[in-house]
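As written, the chains take the letters A, B, C and D, and residue 1 is the first residue of each chain.
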Amino acid sequence: MSLNTDFWVTDNTAPGAGYRYAVSKVLVWKKTNFQDLAIVDTPVFGRALLLDGNWQSSVSDEFLYHEPLVHPAMLWHGKPRKVAILGGGEGATLREVLRWKTVDKAVMVDLDGEVVEACKTHLPEMHQGSFGDLRAELVIGDARDWLQATDEKYDVVISDLSEPLEHGPAYELFTKEYFLKVREVLKPDGYLALQAGSVAPQEIDLFARVCNTVAAVFEHARPYASMIPSFAAPWGFVLASSQSLDSLPDPNSTDRTIAELVGGTLRMLDGEALHGLFMVSGHVRRAIERESRVYTIDHPPQR
Amino acid sequence: MSLNTDFWVTDNTAPGAGYRYAVSKVLVWKKTNFQDLAIVDTPVFGRALLLDGNWQSSVSDEFLYHEPLVHPAMLWHGKPRKVAILGGGEGATLREVLRWKTVDKAVMVDLDGEVVEACKTHLPEMHQGSFGDLRAELVIGDARDWLQATDEKYDVVISDLSEPLEHGPAYELFTKEYFLKVREVLKPDGYLALQAGSVAPQEIDLFARVCNTVAAVFEHARPYASMIPSFAAPWGFVLASSQSLDSLPDPNSTDRTIAELVGGTLRMLDGEALHGLFMVSGHVRRAIERESRVYTIDHPPQR
Amino acid sequence: MSLNTDFWVTDNTAPGAGYRYAVSKVLVWKKTNFQDLAIVDTPVFGRALLLDGNWQSSVSDEFLYHEPLVHPAMLWHGKPRKVAILGGGEGATLREVLRWKTVDKAVMVDLDGEVVEACKTHLPEMHQGSFGDLRAELVIGDARDWLQATDEKYDVVISDLSEPLEHGPAYELFTKEYFLKVREVLKPDGYLALQAGSVAPQEIDLFARVCNTVAAVFEHARPYASMIPSFAAPWGFVLASSQSLDSLPDPNSTDRTIAELVGGTLRMLDGEALHGLFMVSGHVRRAIERESRVYTIDHPPQR
Amino acid sequence: MSLNTDFWVTDNTAPGAGYRYAVSKVLVWKKTNFQDLAIVDTPVFGRALLLDGNWQSSVSDEFLYHEPLVHPAMLWHGKPRKVAILGGGEGATLREVLRWKTVDKAVMVDLDGEVVEACKTHLPEMHQGSFGDLRAELVIGDARDWLQATDEKYDVVISDLSEPLEHGPAYELFTKEYFLKVREVLKPDGYLALQAGSVAPQEIDLFARVCNTVAAVFEHARPYASMIPSFAAPWGFVLASSQSLDSLPDPNSTDRTIAELVGGTLRMLDGEALHGLFMVSGHVRRAIERESRVYTIDHPPQR
């Protein structure tokens, strides 16, 4: 059933630019305690989640976001057992984490229970039943409180929070203080992966500053990027650890690990693709080298 | 000077999706003998060229298109002397070719002289004076006629034509017959590079078919992709040759070649970035493996 | 509660022009058996009804449509007792009819029961409880069938059907055959009033043809127009009867009739405003004079 | 020649609503010393003038604005000889004034000579050569300075200035001080007509305040309104004089005056249409009655 009304959502990627999507159905559109939540059907990108009017993910290309977000940290670790996800409302990050047979506990901490509930109901392609997996634990609450309170240590932490540009609830979760807290819950051989915003030339300074902030806390930090069509921009991530990140795993070895520990293949990520993600362009590396500022609670990201 | 009128161009990336750009100045907007030509200033992406309403390039991120288009073929060859560019209206492809000190002749063949003239006048950041370089030769005419007529052989041919999806003048230039003609003007150790359209999941089949068509003509063909924000999509290219393309050059060796033969550095492309471009995602490689169709004059690309 | 998502509806008033409305809430959006139905909140025009993507009415300015649609026919008659409304989904036409103390029966015949039910629930400002009035009778069905079947005669018939331009369910209800049926259910001193589309210069020929079609059936027909901001166009109506329509009632006498028979005042329509509605511009009258075509079942309105 | 680029102008009629027009050609788009000036071709409304992004007039429906602006004041006067136009860039107001054979002098005072020059060149359908009429005198300058300096008295003054809502150059020309100056240059039996903004329900208070401000200066003031499709709103005007405006001229007498003194007929305005313009809706009259505020230099119109 497709509806004829000429309904459009515009994701304003910058003042003076926006990506318009026709909408064929509005499944959810409400104010939660924290943000505006919308789940809509779009003819071009399939069902999609929007928070405060900003596109979060769509079923047609979320794998280009969630596989790069999750698997590099898992692969670098090799045998992740305990994983924490900060944010991750749709459940697709949890889904990718739980693909790993090695994982016996995956905690997902999201501020907004109404978003999670709506995704459970309306985005089954995203979570694919992950919330019902016995290894999964869902905590509704502030990631900072949870980091403070937990007394367990984790192999991998995935920070899957709304982009820092907006004045949403994730506003202070890209600061040095936050990453210090994340480091405390990681085991010595643990890894942090986070989404870190657009690497389009107009916005690369923000990404560079997030990289620099992570590098102020972790001994090793490495940027990488994936192309996500519905974001209308190349998207940046950071992998960080106290372990060295200098050498990329051999493609064949990555393929074998995935076959063995994940079982089968992933959609976009394999040994070759991992190189593609981490061998980033010169202009991105130079923007990070140039950058000296660090985000703190007193000087958080702003538009 | 920025103008207040609420003027927008929409690049309709698909039925039901479009990228909207505010426009602050219209420098050229006219019908040529072949297409609609517009050169506009946009606050977000800087000055931009549009043909038939389709975004071609903008000064803010054209380097993410033109460096990947030109340099991989040049690097694989190692010492390109004679280069042919098919299409390439803005002159930015020519600019990148002429960076190579080894080049002593660069022929650019574009159908639409009015586009080239307008770019000469209004897009100096793009061509940077390349049209006046003594090694450059500009031919206004049909690429197929030129391929037929030329009796020289080339080290590198760059096919920089409007995307095959549209019913523009480049409509039949993504067919087997066309690539056969290109092969004839290449030396035995020559290389072809071409832009080949979006690799977004919704459009990847078209890209896969272009790859397959090139592979039907050349012994070796290899896809690669670059993220171009103003295209709102990851963009695909193909490198082809009768020489093997299996091994990627060592990053340090690439950096040395660029330093020596180009002089200085490029903006995005270096040894590491070259790996990033060519180590493509699994879903792209599988789309190409699945594909069996070949475009011909009788069965050209269509929407 | 206003939602931040950048959600817009565009009512395409013509190819190449459209009125865009921000939407702050979607109350209903579904396919009925006949058309797409949407009820939305808009910050500019308040709550609004859309059918097949076409704006029908909004609470902020519906009185500029419904008062001119209903009261001229009622006033010309003087003491209307039995009134039939063909169409009229929101119940606002019914509301205006029932203001008349003289009315003891108002039948409303609408094709689409789902539209009526949704309006009952979500547009109480429109119907103001009219559906519960003991004098009101709601028939869900085709206006043509009802006209065929009814054996009563009416003082006033109000045709409040979606505009003939669209391929909606009202497609054939602006034809000579239809108006002949309407005439049969009117008493000899009865009056027909109908909405008849935009009188903007670009669309005036359609309005003129509807006028001409009505005039082919009724001895007397008179066009009039009201300015409705949310329609982005001046809107045309036709009053028709076998009684003379030549002289306009004196303003004071109209004001007295309204005070006495309606009780109180209306929002826009009074003795002076009635003159304003019926003293139409020269270019509208001349467009009607020029027009010779008549819509029939075999030659219905089309775009 | 129509161009394919998907170029749109949006006239933002309110926050949350806008009228979008496809543009097929940009003839002029520049910053003058006072404002942004654009003249564009639109497929729906024909060639149009925009100032600071606000739609001023289009060739398809400007007669619905300019005839009501000019002729009522002229008709009430009966034999206007000297007429002053304040504003009126396109020359269409001048054109209507010069239709009157009785006129022997028409002064047009516009602030922005670049707008006038561009209209002379690109909008011949608007001015129809009026600027070359020997009875016309064009003054480039501030209307207030001209009012101060002139020592002649006028039969009719037409105030045709950009709407007061915007922060354009006409910002203070809707104040009591301004209307006092206008009164001084009018003969005792002179008439002022001015455009006074939208009478849509959302904006009617502004119109009511302009009416009230005029009525604070002139003994008699009377509102009227015309429907202008490309404005997406009904449009308000005020006629003012120290002469009584109570009785509307008999339609036949108006038609005779037009036939005799103008020669031929006008497009929209005749004896009947004049009644239609001045017999305004009850809600408009009541909004004016309710209004007590007066705009002054110290309290000018603002959004």
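The criterion applied here is as follows: a contact is a pair of C-beta atoms (placed from the backbone, for glycine too) under 8 Å apart; a residue touches a chain by one contact, two chains touch by 3 or more.
Since we're looking at a predicted model, the values are computed, not measured.
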Chain of greatest Cα-centre distance to subunit B: C
Mean-CA-position distance for subunit D and subunit B (Å): 53
Computed distance of Cα centres, subunit B from subunit A, in Å: 32
Intercentroid distance (Cα basis), subunit C paired with subunit B, Å: 57
Touching two or more other chains - residues of subunit A: 10, 18
Pairs of chains found to touch, sorted by chain label: A-B, A-C, B-D, C-D
Of subunit C, residues touching subunit D in the complex: 10, 14-22, 42-45, 60-61, 63-64, 198-202, 225, 227, 229, 232-234, 265-270, 272-285
Interfacial residue positions of subunit C with respect to subunit A in the complex: 1, 3-12, 18, 23, 25-26, 29-31, 36, 38, 50, 52-53
